[in-house]
Amino acid sequence: MSEKSELLVIKDLDVRLFTERGTLPVLDHINLSLKPGEILGIVGESGCGKSMLASAIMGLIDAPLKITGGEIVFEGVNLVNASKKTLQNLRGSAISMIFQEPMTSLNPIMTCGQQIVEAILAHEKVSRKEAVARAMDMIKSVGIPMPEKVFRSVPSQLSGGMRQRIMIAMALSLRPKLLICDEPTTALDVTVQAQILYLIRKLKKELNTAVVFISHDMGVISQMSDRVAVMYAGQVVELSDKKDIFTTPAHPYAIGLQAAIPKMDGEAESLEAIPGSVPMLYDLPAGCLFSTRCERCSMKCKTEKPELVDINEDNPGHLVRCFIPAI
Amino acid sequence: MTKTKLIQLDTLGRNISETKIQHSGYYYESFRIFRKNKVAMLSLFVIILMIFLAVAAPLVTGFDPDKQKLAERLLSPGVKGHIFGTDEFGRDIFTRCIYGCRVSLSVGIISQLIASVIGYLMGVTAGYFGKKADDIISFFIQVFSSIPFLLFAMALMYALGSGLMNLYLSLGLLSWANTARLIRGQVLTLKQQEYIQACIVNGGSSRRIIFKHLLPNCIPMLIITNTLGIPSAILTEASLSFLGLGVPSPTASWGSMISGAQTFIRTNTYYSLFPGLFIIVSVMAFNMLGDGLRDALDPKLHK
Amino acid sequence: MFRYIIKRTLLALGIIFSISLITFLILNVLPGDPVAAMLGDFADANKIKEVRHNLGLDVPLWQQYFQWISNLLKGDFGNSYFQKKSVLFLILQAFQYTSFLAVLAYVIALIVGLSMGIIAAVNHGSLIDRSLMTLSVLGISAPSFWVAILLQIYIGLNFKIFPVSGVQTPIGYVLPAIALGTRYAASIARVTRASMMEVMGQDFIRTAYAKGLGSFRIVMVHILRNALIPIITIIGADIGSLLTGSMITENVFNIPGIGKLLIDAIGKRDIPLVQGGVIYVATVCVIVYFVVDILYAVVNPNIRLGASVE
């Protein structure tokens, strides 16, 4: 596949955290790409750098964090060295984002309507009246009952699910080409979660928006994604089509995540947890980052760092960062 | 266990949030944090130095603060051994500044101690007993927070007459409301905690609970509000003395010295400068000490 | 909102009533015979008796209080003992100067303080931030009368356009207003910075950036408007102390405001004038708190709309 058809290409992206204890690798050589209309799921434990990746794409990385290398190319424009103005114009219009915490992600003293109108006015030269009409349409399209009332409400008058709908309406009000969802349903009830996921998929189809969907929940990822990247300690450890990753996971970490999903068919089988926890950034192992928790760890794993490589030459596109992948 | 967070910003924009829960080594840990805070340590040093100057004033300076020597009036700084010069009665300004520490520091510290005692008793009564007592005391807290501080200090000093004792009393009586409000909030939170609940359920006497269990938990907040109240007491004392309602003359006070210097701004510009610098330094020192203590005593920061 | 206003109004009335009682107690019950003090050491007993009768001090205290309060409610503050004029007239006349000075000082303080706070918060951690904050600590710690005298010495005497005494021309207000406003500018700067820093760290600011808004709009609309809510509460408290603080500044600059009036009255032990002045200023302060409270509810839609605040 040629790079021209890709909407977003992330090449060798490095993000470092500058602290008293030295420079820590928050994101390490991330390589990802996304076609228009595609949904890329990113899964991993908390602290693995998923949200940082989202912030990096949005250009919201701030001191003490810094992008130290690599490129984020969106429609041919490298966002890493783009001007503040360029980024500002892209944010909210071509690329927009939905956050994890609907309770705190909306301005508490502005009405929901105003907040959507503001986003429209920031990017398009339309009259206020037209912006209001479009905001109202968006509120209707995310399935909010009594849109006129909600338009005039401040966030504290709405439930979490309603606020997340407002966030979605705001994010999609300018028909972005890329939508980043950072754990959009984690803070919500399970029933509301299903509605929100359905809504994202529906609007994605209508607008043909590409989506980067970040979650720690394999179940949600399997519902939402076309392709999946598994992240561990700031690295992508496995990247493939959804089918491959859920049927034949190859990286021991991905296998572990897979085993941790409750299954409906089995008889009260005990769920497996991955032993240990994500290593601290200032205390990373010398070799493979997963070596401290890996059952199949060899001597080589402890001293050398594996690369992300294609494991199946007949069916390219299943990339794994492991010396001893399970095939 | 619910954790209620009461955030209150004072006029300096400092967050006097609830401080609570002590474990063994709490004060040791606080001291460790405090010691690392250079600004606070410097402030503490300045305050200790001022207290020393106030106590040992006769040893520090050879001049009598009150004795008039009209032949040597209004000397410039440095002349005849008067490092800050002399005032309109020939008294050494440096000496009077040093003796002024006595008035300012004692007014600041004692008036705030009085305020802390009243504030704690009011706050704990309101918070612990609740109901009617809470309604009445909360109303009083509102009234005393609405009272213009300096105006009523003036009225009280007018009624009581000038003098150190009356300064302690007036400023103490007028500044307990803030402490009471914070203590009340803290007691309301503490009351929800299991060990206090257990005491109440087991029929512990109110007095025992108030002084044995609640008081130790309120001490950090009392220390903070007390320290942060001192600068405003010092400033108010200076203002009152400036207006002639503070300590009676000839007792040296920074405020009354500046008032005396006012007549000579054209000829002796330094005269008003020095007492003012003493006020600024002492007020700043207590403000920053209070900030440092707050940072050190806030258990949320203990990690 | 309506219920809120009613509740606040009742509270304000209760506070004003309590303050009148406290004022009365302070000035009438505390030890010392004010009349004897007023007339000096050599007044004879008959004279004292006569003055006590004239001032209505020879009836029981509670009667005196109710007499005083009912007169106050009718707008009768009594007559000044020395100036032989109505207390209310003297107060209203002087209050014009005081309120003008206070408002001017606070406008200066707001402009300077808010800009300092915003600049410090936007550049937090930088040298600019640290210098501004050091300056604000100095501003908070300096007594206003001392700042006033420094201004007289270093500006008034050097630049003749700013008079060091009196307010015959409007320009005479400039130095007093700066002297009075310094402290408030400094404290507003600190509160603004602290409050803005707190808002800056919140999720909805990240949302605002993600929407692609410009930094200026984010600072002014999203950060500042949220940060202003706690700032408004200190404005109320400030104005109370501003009115009393201006009393001292008036004395330094010889402005015939309420401070000068009160200090002179205290010096001469003019009881009706002291009593009237104190209750008048205190009432104005409470009314200001009340107005600010309502204003607070208006800017904070979470209170205005009666929404649940978690």
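As written, the chains take the letters A, B and C, and residue 1 is the first residue of each chain.
Just so we're on the same page, a contact is a pair of C-beta atoms (placed from the backbone, for glycine too) under 8 Å apart; a residue touches a chain by one contact, two chains touch by 3 or more.
A quick note: this is a predicted structure, and the numbers were derived from the prediction, not measured.
Q: By the touch rule set out at the top, what is the minimum number of steps from chain A to chain B?
A: Tracing touching chains, the least step count from chain A to chain B comes to 2.
Q: Across the interfaces B-C and A-C, which one involves more C-beta pairs in contact?
A: Greater number of contacting C-beta pairs: B-C.
Q: Roughly how far is chain A from chain C, centre to centre by C-alpha average, rounded to an integer in Å?
A: Centre-to-centre distance between chain A and chain C: 53 Å.
Q: If you average the CA atoms of chain B and of chain C, how far apart do the two points sit, in angstrom?
A: 21
Q: Could you please specify the touching residues of chain A with respect to chain C in the complex?
A: These residues of chain A touch chain C: 58, 60, 88-93, 96-97, 99, 101, 103-111, 118-119, 122-123, 153-154, 156-157, 167, 170.
Q: Which bits of chain C are touching chain B when the two form their complex?
A: Its residues touching chain B are 11, 14-15, 18-19, 22-23, 26-27, 30-32, 137-138, 140-146, 149-150, 152-153, 157, 164, 187, 190-195, 230, 233-234, 237-238, 240-241, 243-245, 247-248, 251-252, 262-263, 266-267, 274, 278, 281-282, 285-286, 289.
Q: Spell out the residues on chain B that touch chain C in their complex, using ranges where they run on.
A: 9, 11-15, 139-140, 142-143, 145-152, 154-156, 158-161, 231, 235, 238-239, 242-245, 255, 258-259, 261-262, 265-266, 269, 272-273, 275-276, 279-281, 283-284, 287-288
Q: Of all residues in chain C, which touch chain A in the complex?
A: Interface residues on the chain C side: 202-204, 206-214, 217, 221-222, 225-226, 229, 299-302, 305, 307-310.
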